[in-house]
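Input: a single structure, listed below in structure tokens.
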Amino acid sequence: MKSQTSGLRLYLSLVVACLRGQLQYQASFVMMALGQFLVTGLEFAAIAALFYRFGSVHGWQLRQVAFLYGVVGSGYALAEGLCRGFDQFSAIIRRGDFDRLLLRPRSTILQVAAFEVQLMRIGRFLQAAFVLAWALMHLQPDASTLIVAAAMVTGTMCTFCGLFVLQATLTFFTIETPEIVNVVTYGGVETASFPLSIYPGWLRFTFTWLVPLASTAYLPARLLFKAHGPILHILILPGCGLLFLLASILIWRFGERRYTSTGS
Amino acid sequence: MTSQIEVNNLAKSFRVAKRTSGVFGALGSIFRREYQNRVALSNVSFAIEAGELVGYIGPNGAGKSTTVKILSGILVPDSGTVRALGMCPWKQRTQYVQRIGVVFGQRTQMWWDLPVIDSFHLLRDIYSVPDAQFRRRCGELTDQMNLGAFLNTPVRQLSLGERMRCDLAAALLHSPEVLFLDEPTIGLDAVSKLALRQLVKSLNVEHGVTVILTTHDMDDIEALCSRVIVIGDGEILSDGPLTELRNSIARERWLTVELEGDQMFSPPANTTIMRREGNQVWLRYDPVITPTPLLISAIAATNNVRDLLVQEPPIEEIIAHIYQNGQP
Amino acid sequence: MTPVSAVRPYLTLLVARCRQETQYRAAALFGMATQLFWGLVRIAIFTAFLKAGANRSSMSLPQTVTYLWLVQGMIRAMPWSVDAEIRNLVREGTVVYELLRPIDLYFSWYMRAFARHAIPTIMRAIPLFVAAVLLFHMQMPPTVSAGALFVTGVVLALLLAAAISTLINISLLFTISGDGIQRILPAIANFASGLLIPLSFLPSALRRVLRILPFCSLIDTPARFYLGQIGTPEAASMFAQTLIWILALSWFGRFLILRASKRMVVQGG
């Protein structure tokens, strides 16, 4: 048996290929990234304006909400950048491109994830990262705070990747994914950017137990702000994001088996 | 010895959702749908030996692409078995697809905005082709298919003919033992068609690659295939050498005669008029009973002819024949 | 040519597009459910803020809730994206054939855009408002005249949305700057229309600037009519402002499309 190119290396070369294709349209890319930056930047401006008028929300100050917003925003932007193929999956199936991926001797997860990486997503990521950095400066972070923050971003990213994978899995069963799926993705970004305590019970339940955004963003942030002592034990919470992603991948495998046995 | 590909009693049907109308119909259909069964394959069996070049033809919806999808491991049949390269394609999909190549005429597997060579590099990584082997193979294919001039051109700027040659090379980089070609000449101009056919032929002869070709172009079949499998309505209607197929069922030729003006036309013996429109007449005849040169001179002697055109009946005609007569 | 026969092709186009838009009923239903969800999330957020500093608010909580529902109802009037069919026309180069038709390209695209905003808005807003009034604390307009001003404001908002949308569609004809316009215009529209935050919650200097721009007529102005915050005389001048914007943007769009088509004819696509 000859040795296989490692999955990570393959993913990277697929991603690089995608990006190189887009760099042929450099000027457009700059415009689109700027546009993305502006869209989310103005969203944050609206949040800042609310704080400017009302002062605080449920005892949270602007910097603290900015921290949440930065974690959720950059986690989401990373997920969108790294596995947008899942977000676009219904189009991939409709065009018949998925059959092509099945014809290759590699995992479909890897191939779909790298199918369409959009460089302009960097606009959104940078905006969220700026907000996060600004919020962190206020916290006067030590090394462990930074580690927790990085874990929160990673956990949030995994959760959103998992949501994209689940959304794509739905395509195996319905072909058209209804617009309502956006409720948990875009809706998740909006909801998790604020302290969860402001929401009614059903929303808190959804984003705690069904989609673990609470444990990758709100709960660790709350512990972080209250902490007087070692805080690395908080790291368990963002780990739920990883579990969620793994569970999603298992469900994807099941959906894929069903798809190849029923056909389109 | 067993064959390279053995297909036994393959059957597959699809569930097609019925469309329901109205708001609540559309809403309900997301959750619960009514289905209709459509049989794509009812009972398909054949065997292909290593090194064969087989044409797989049939009208649209006959089950061609279902068969190809099953044979390439991306679709699981309802019943029946496939043994190909010693494996069951859908059960050992990733191992199996490592040893086959597939080219779709309508779609490229290359990266649209990147130079051709970059796609080749990506495929090298996808199929884990060792570097030395990749360089040798890539050089071989580039020479053989004459790709040197546009290896550095982005795929979107290639002509269709150039792109098909590159796609063929792309499917061969990992040295597959079996090659599936799905409508490879569709949309190509005459010159590109000829070039592509020549390449496929030499791959088969020189490298011993087994080729399974689905097409609507009878000329592809004629130029390439020693054996033709005809499928219709999910069943194999005929399987054998091309000459046999032609001679037994589609020996006839069509002759279009364009007359000088709207004159009378009486058909020569042993021919039938299919249709007449204005000064054009369509005849069918059997070239063994009435040799073509004799027929043409007979017509030219008795009529004022402006133009003549001899054609073979289109593939749909042959299949219609098989339908009418059952077994050839 | 009589005026009636000159207008007829555009009306035919409009009616055909509207009819096509009414076919997406399932999408409208799902859209409405999505909007309900968003509305509830945003109401929770704003309620939390208002409770923290009720004395600093320019609107009462019930008014704010009503405003947020109006935003959810009007969301399809937002000029967010290019028309996918026009994008394909441009991408495949077949847009040149559009220029060969004996009708004004600007107005035919304008009609498409109007149908694309008006029909989904109506199909989603009415059931959404009914649900919100019955179940989720949305108020009715305080007076009949407030309701009438609101309806007029919505009609103008849709006409304006179509003008902005058409401008975005036209930007497809300009490669690089077009890509920017397609992203930047919707971003500004989100903020300046009141979609992200009611304009009255913003600092007054900023608010004054935003109320000169056209975007406030998309959501904020109709919402203020609905809440009875604006009297009839003031409303008249706001209608006039919106109309001026609609005319100015249409004129500009038509100017751009003529320029682009001259270039296309000269350069051959």
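All chains are identified by letter, namely A, B and C, in their written order; residue positions are counted from 1 within each chain.
Here is the rule we go by: a residue touches a chain if its C-beta (ideal position, glycine included) is under 8 Å from a C-beta of that chain, and two chains touch if they have at least 3 such contacts.
Only a predicted model underlies this, so the values are computations on that prediction, with no experimental measurement involved.
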item	value
Chain pair whose interface holds the most contacting C-beta pairs	A-C
Closest chain to the centre of mass proxy, which here is the mean CA position	A
Distance from the mean Cα position of chain C to that of chain B, given in whole angstrom	51
Gap in Å, rounded to a whole number, between the CA centres of chain B and chain A	44
Distance from chain C to chain A - Cα centre to Cα centre, in angstrom	30
Sites on chain C at which at least two other chains make contact	none
For chain A, residues that touch 2 or more chains besides their own	178
Of all residues in chain B, the ones touching two or more other chains	30
List of chain A residues in touch with chain C within their complex	27-28, 31-32, 34-36, 38-39, 41-43, 45-46, 49-50, 52-58, 178-180, 182-183, 187, 190-191, 194, 198-200, 203
Touching residues (chain side chain C, partner chain A) in the complex	27, 30-31, 33-34, 37-38, 40-42, 44-50, 52-53, 56-57, 175-177, 179-180, 182-184, 186-188, 190-191, 196-197, 201-203
Contact set on chain B toward chain A in their complex	12, 14-15, 30, 66, 69, 72-76, 90, 93-95, 97-98, 100, 102, 104, 107, 109, 111-114, 118-119, 121-122, 125-128, 130, 154
Contact set on chain A toward chain B in their complex	2-5, 9-10, 13-14, 17-18, 20-22, 24, 96-97, 99-100, 102-107, 174, 178, 260-263
